[in-house]
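One structure is given below, represented as structure tokens, and several questions about it will come after.
Which chain is which? They are A, B, C and D, in the order written, and residues in each are numbered from 1.
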Amino acid sequence: MKMTYAEAAREALAEAMREDPTVWAVGEDLGRGGVFGQYKGLREEFGEDRISDAPISEAGIMGAAFGAAMVGTRPVVEMRFADFALCATDELVNQIAKARFMFGGQSRAPMVIRKPMGLWRSSAAQHSQSLESWYAHIPGLVVACPSTPQDNYSMMKQAVACDDPVVYLEHKDIWLSEGQVDRAENLPLGKARIRREGGDVTVVSWSQACNLAVEAADALKSDGLGVEVIDLRTLWPWDKDAVMESVGRTGRLIVAHESVQVGGFGAEVVAYVAERMAVKARRLGAPRSLIAYAPNLENQVRVTADMIADAAREICQ
Amino acid sequence: MSQTNYDLARGREMLECMERIRAFELTAKRAAVDEQLVLGAIHLSVGQEAIPAGLMRHLRTDDLLLSTHRGHGHTLAKGAPAEAMMKELLGREGGSCGGKGGSMHIADFGVGMLGANGVVAANITIGAGAAHGIKLLDKIRGDDRICVDVFGDGAINRGPFLEGLNWAGVFDLPVLFVCEDNRYSATTKTSDMTAGDGAAARARSFGIVTHEVDGNDAEAVTDLTAQIVARIRETRRPEFLHAKTYRLDGHTYFDPAAYRPAGEAEAEAQRSDPIMRQRSVLAAAGMSQDELTAIHDAAQAEMAAALDEARSAPWPDDATVFDDVQDLGSPAREAF
Amino acid sequence: MSQTNYDLARGREMLECMERIRAFELTAKRAAVDEQLVLGAIHLSVGQEAIPAGLMRHLRTDDLLLSTHRGHGHTLAKGAPAEAMMKELLGREGGSCGGKGGSMHIADFGVGMLGANGVVAANITIGAGAAHGIKLLDKIRGDDRICVDVFGDGAINRGPFLEGLNWAGVFDLPVLFVCEDNRYSATTKTSDMTAGDGAAARARSFGIVTHEVDGNDAEAVTDLTAQIVARIRETRRPEFLHAKTYRLDGHTYFDPAAYRPAGEAEAEAQRSDPIMRQRSVLAAAGMSQDELTAIHDAAQAEMAAALDEARSAPWPDDATVFDDVQDLGSPAREAF
Amino acid sequence: MKMTYAEAAREALAEAMREDPTVWAVGEDLGRGGVFGQYKGLREEFGEDRISDAPISEAGIMGAAFGAAMVGTRPVVEMRFADFALCATDELVNQIAKARFMFGGQSRAPMVIRKPMGLWRSSAAQHSQSLESWYAHIPGLVVACPSTPQDNYSMMKQAVACDDPVVYLEHKDIWLSEGQVDRAENLPLGKARIRREGGDVTVVSWSQACNLAVEAADALKSDGLGVEVIDLRTLWPWDKDAVMESVGRTGRLIVAHESVQVGGFGAEVVAYVAERMAVKARRLGAPRSLIAYAPNLENQVRVTADMIADAAREICQ
């Protein structure tokens, strides 16, 4: 079935809510369908208790949802923009991620924390960030970065079913992108998806950048270059086996991500591989600079399909 | 309203200010809708212009102002040039922030405007801190500036409201907090998500002198804020103004605001549009229809010209992309 | 106080509770100071015992409680076994949290105690949320529990105070907020850093039914909270209790509290130590000195035994180190 | 002159405050000298306006100090524990780090943001974190991690003088450690310090872990192993030249840090080098797990001098 990225997540959430009455969603403006329409129609089906509006109160939303999770409900928390989620960092990092351990296993925080991220048409510095590497660094959290409607369907379902807190980073620029969704597909969280096979170079990526990597791979095919594109899908756990296996064959590794390169998760992937085998490696991330409003400036910090293709050509020389 | 001692010049000044704000915003909206010239989201203050028009005229250029995502009106009223602001909305060279910020980060430090903010309520503590800085500088070299810190009704539900007001109260700071209560937080009725009696009640619980005003009545706003500003300049202590108003447009320029009860916006536009009200006041005080029209037309012409300038302005120089990130470890030298 | 219908059993129960709390904490303090057995910082509630003693007895075991870094008293009064708590303070196997949390993260979900917290005020929103969870579960399968959410006077200056109270008010949640006002925030007099009239005034501004009580008078606390707890159980709406007390010990067990005005603590110990006061009440009601001593001694003996057990308990099994971090991507399988 | 790590920072701050009346410090309990005595005596000299107490209000402290910085003062912000600074993440990351750029250069935020971090005698999960890699990932911020009294003196002075916001991470476990402080020493922020020279393996580190690396190097000397220990001192900017030069000679790289290894800054260092040369690399960081209260459990997530020595021996085989 064809769905957009937004519809896929909505479908998955609706199904989860039908199956389990303890699943509920909470965030600002959800009753009107959410800022990106990703909750459209759900209020009508599930009512205002289960598709709950919230005050502008990210710390309150996160803290309260955590409390409600500890007593046995399964909240889906909407942060609206990943940037605003920074207002709830103590709640996520000091409380949610740590409670189960600190309390010696007495509690659980089965939560999905949705944080729409990334560059989106001149949203400027406070509405464009991608901070997935932060969450990958925090023990206790699962980190999901779906790149396609299929994954935004199946990963959302799995995230709601998961007993760990899942930081769920949807990319704002692809809400309307369409794709086939097979409801039965069930690749588990933690497993990568090989989106293109190839023997010359391995490109590891996630989220929207992975779609660019696929574009690059397709473009290079006519040049006779075999680019294997691995979509990590989750950054923790991440599929080291898939990456090691592929790089073992190609000997060349590119990691491409939209977020800032310095301290980005690409560093983790390259370092992990480089500790274990000789590899030609290259990261492609944003410069350590801020995101401007003017499109020509915004574009200068953008990783593009062309840049990935160029890097692939170069590394294969 | 045709009292003998009505101050016509003052009333006219406020109408001019409101007309300029509205013309700026509706011009920008047209540029966004018809020509896709405005790049990011813009939030219009149509219907809320009486607050900046009444208040900012009491401030000196060197007094400070912090505002929100809905900050065009405050910024214009504080004295920022419309052309640079329009260029900023279009992301052009010569924009208030060199095209880097856009509408939500508009700022003009030259007129004391320390920035709009894309994060609701964040400016509340920052504005308290700006006043804290004034207080410290006052002891070093004399500084009698004051700070005005504006936010919406939705902002009172975030922690920085508490932390900022408490800070200003504890440290006795020369800051005026202004809650522009337009009843909505994006698409949500704020009262549905607010416990208790709202902004003024909360402000009073911090022991801060608190006022309420019909924020659509420019005359009332300016009368009251004349006293408030003079008192803060003198006492160096915080005060709080709860200004009730109504957002006539959508949350963003592309929001049809279908969630509002049918007829609500129309009724408010009839009843409480501050520009209509101020026109009536001025007409009653003897201003001719021609003069009123001239004020309106002048504002339209100014903003049309500003848009023309902005439209033909170049994009920011690509070479500025790494400017003003940081000195040490600047991306201009090391971006990776 | 020798009224005919004084409830001696109830008064005795509260004294027992207070004596147990004090004995627990002073035993732990000795273990810390003399034997370095307690590993991290512990925060004693000496002087504040009347609040948990008066309040928690109205709760059912399945009612919920969230507390702070100063949470031993609440936890004991809610029914957690002292021995497991003492083991937790010593970081031993069999501790309430398996030795992983320590004093600041003590929790006993078996008696509804959802955790102390190392971050001031963080539990305020979490407790509101626990009540939110109850409300949701009530609609699914019936749930008449209530939640008690305790914090200090310093916590009212952090944002979660606002966000938590607003949340509880907006969603109509069955939660009792309790501000234990011991006048100090670590080494700072809270009133110096608090604008306005403090906790109760702020709580009222959220439209939450608010009470004040002498938190060192166990009888007053229990009388008032009997009504409050019964009402919340019924109405399912939030209420707020501002309980005034005094911290007789330092902020942590190793804080000499030299910043307090000379004589202040001594005077308070004389005037308002809740255990002394409750002993007087009971003596006036006819309890003999021997009985009072027996209650004291029993508490001491219980805690001495708890310490003995804890002292001889082993460290947690090294193999538990990676347990209970997360299921997916557990460090037990992949730590790097 | 001999000073402790705490005294060194206090001296530096006092000197800066004497030189510039716009420098002031703000945080909870500062009037009584700060939680670790790092402000002892300063209230007496500078008064309560310049050594300012604060409500328990990390977001307020950070936001207000930022406002005061924009109008021309130079605040030193005390966060007490790095963990509590998470309550002020929006203020630091969305506001302070971005304002100068978003406003097109109109504003500055000359601030020092002190965040005592790290493992410290059974402080458990909410009082022990090291999140330096987070801040290194955020454009606009300078990140300092002094490891010795000398550096806590000279880096503090430079941080106060710097016009950028400096996240200044002191390690809680070494407040009382003593060392020689030369007031004239002036190695700039951004330059690494070679703490031990050696030709067999390069160990890159910072903060307290670097002191362990030095211990390991000294221990291995008798084994005839030459361990070069590079103390990065700042993670942004970081001294890539020093690292590249050293690894160019040794061909072997170990990066040791106390923080969680996954997504830690060690990944950045290894990835940066591996992109540029063939290298045998190894990271030593904490497992992606939480920090427990019981000392035996706490110790299991600790990187020790012995572990660094073992890794050095192994990599040199």
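By our rule, a contact is a pair of C-beta atoms (placed from the backbone, for glycine too) under 8 Å apart; a residue touches a chain by one contact, two chains touch by 3 or more.
Just so we're clear, the structure is a prediction, and the values are computed from it rather than from any experiment.
Participant: Applying the touch definition from the top, give me the chains sitting in contact with each of subunit B and subunit D.
Facilitator: Both-contact set = A, C.
Participant: Which of the two pairs, C-D or A-C, is linked by more C-beta contacts?
Facilitator: By the number of C-beta pairs in contact, the winner is A-C.
Participant: Looking at C-alpha means, what's the farthest chain from subunit B?
Facilitator: C
Participant: What whole-Å value do you get for the distance between subunit A and subunit D if each is reduced to the mean of its CA atoms?
Facilitator: 30
Participant: Would you mind pulling out the distance in Å between where the CA atoms of subunit A average out and where those of subunit B do?
Facilitator: Spacing between the chain centres: roughly 36 Å.
Participant: Compute the distance, rounded to whole Å, between the mean C-alpha positions of subunit A and subunit C.
Facilitator: The computed centroid separation for subunit A versus subunit C comes out at 40 Å.
Participant: Of all residues in subunit B, which are in touch with two or more distinct other chains?
Facilitator: If we look for residues of subunit B contacting two or more partner chains, we find 95, 97, 99-101, 105, 117-119, 157-160, 163, 166-167, 170, 192-194, 325, 329, 331, 334.
Participant: Please list all residues of subunit D that touch 2 or more other chains.
Facilitator: 55, 57, 59-60, 83-84, 87, 90, 94, 101-102, 124-126, 139-140, 236, 262, 288-290, 292
Participant: Edges wherever two chains touch, nodes for the chains themselves; is that graph a line, a ring, a star, complete, or other here?
Facilitator: Drawn as a graph, the chains make a fully connected set, so complete.
Participant: Could you list, by residue number, the parts of subunit B that touch subunit D in their complex?
Facilitator: For subunit B paired with subunit D, touching residues are 64, 66, 95-101, 105, 107-109, 114-115, 117-119, 122, 124-134, 136-137, 139-140, 159-160, 163-164, 166-167, 170-171, 323-329, 331, 334.
Participant: Looking at the complex, which residues from subunit D come into contact with subunit C?
Facilitator: Residues 28-29, 31-32, 35, 53-60, 83-84, 87, 121-127, 261-262, 285, 287-290, 292-297, 300-301.
Participant: Using the touch rule from the top, collect the residues of subunit C that touch subunit D in their complex.
Facilitator: Residue list for subunit C touching subunit D: 39-41, 88, 91-92, 97, 99-102, 104-105, 117-121, 154-155, 157-159, 185-188, 192-194, 259, 315-316, 318, 320-322, 325, 329, 331, 334-336.
Participant: Can you tell me which positions in subunit A touch subunit C when the two form their complex?
Facilitator: So the residues of subunit A touching subunit C come out as 21-22, 24, 49-50, 52, 55, 57, 59-60, 62-73, 90-91, 94-95, 99-107, 139-142, 162-164, 189-190, 236-237, 240.
Participant: Which residues of subunit D touch subunit A once you look at their complex with the stated criterion?
Facilitator: Against subunit A, the touching part of subunit D is residues 83-84, 86-87, 89-90, 93-94, 97-98, 101-102, 124-126, 131, 133-134, 136-140, 236, 259-260, 262-268, 270-272, 274-275, 278-279, 281-283, 288-290, 292.
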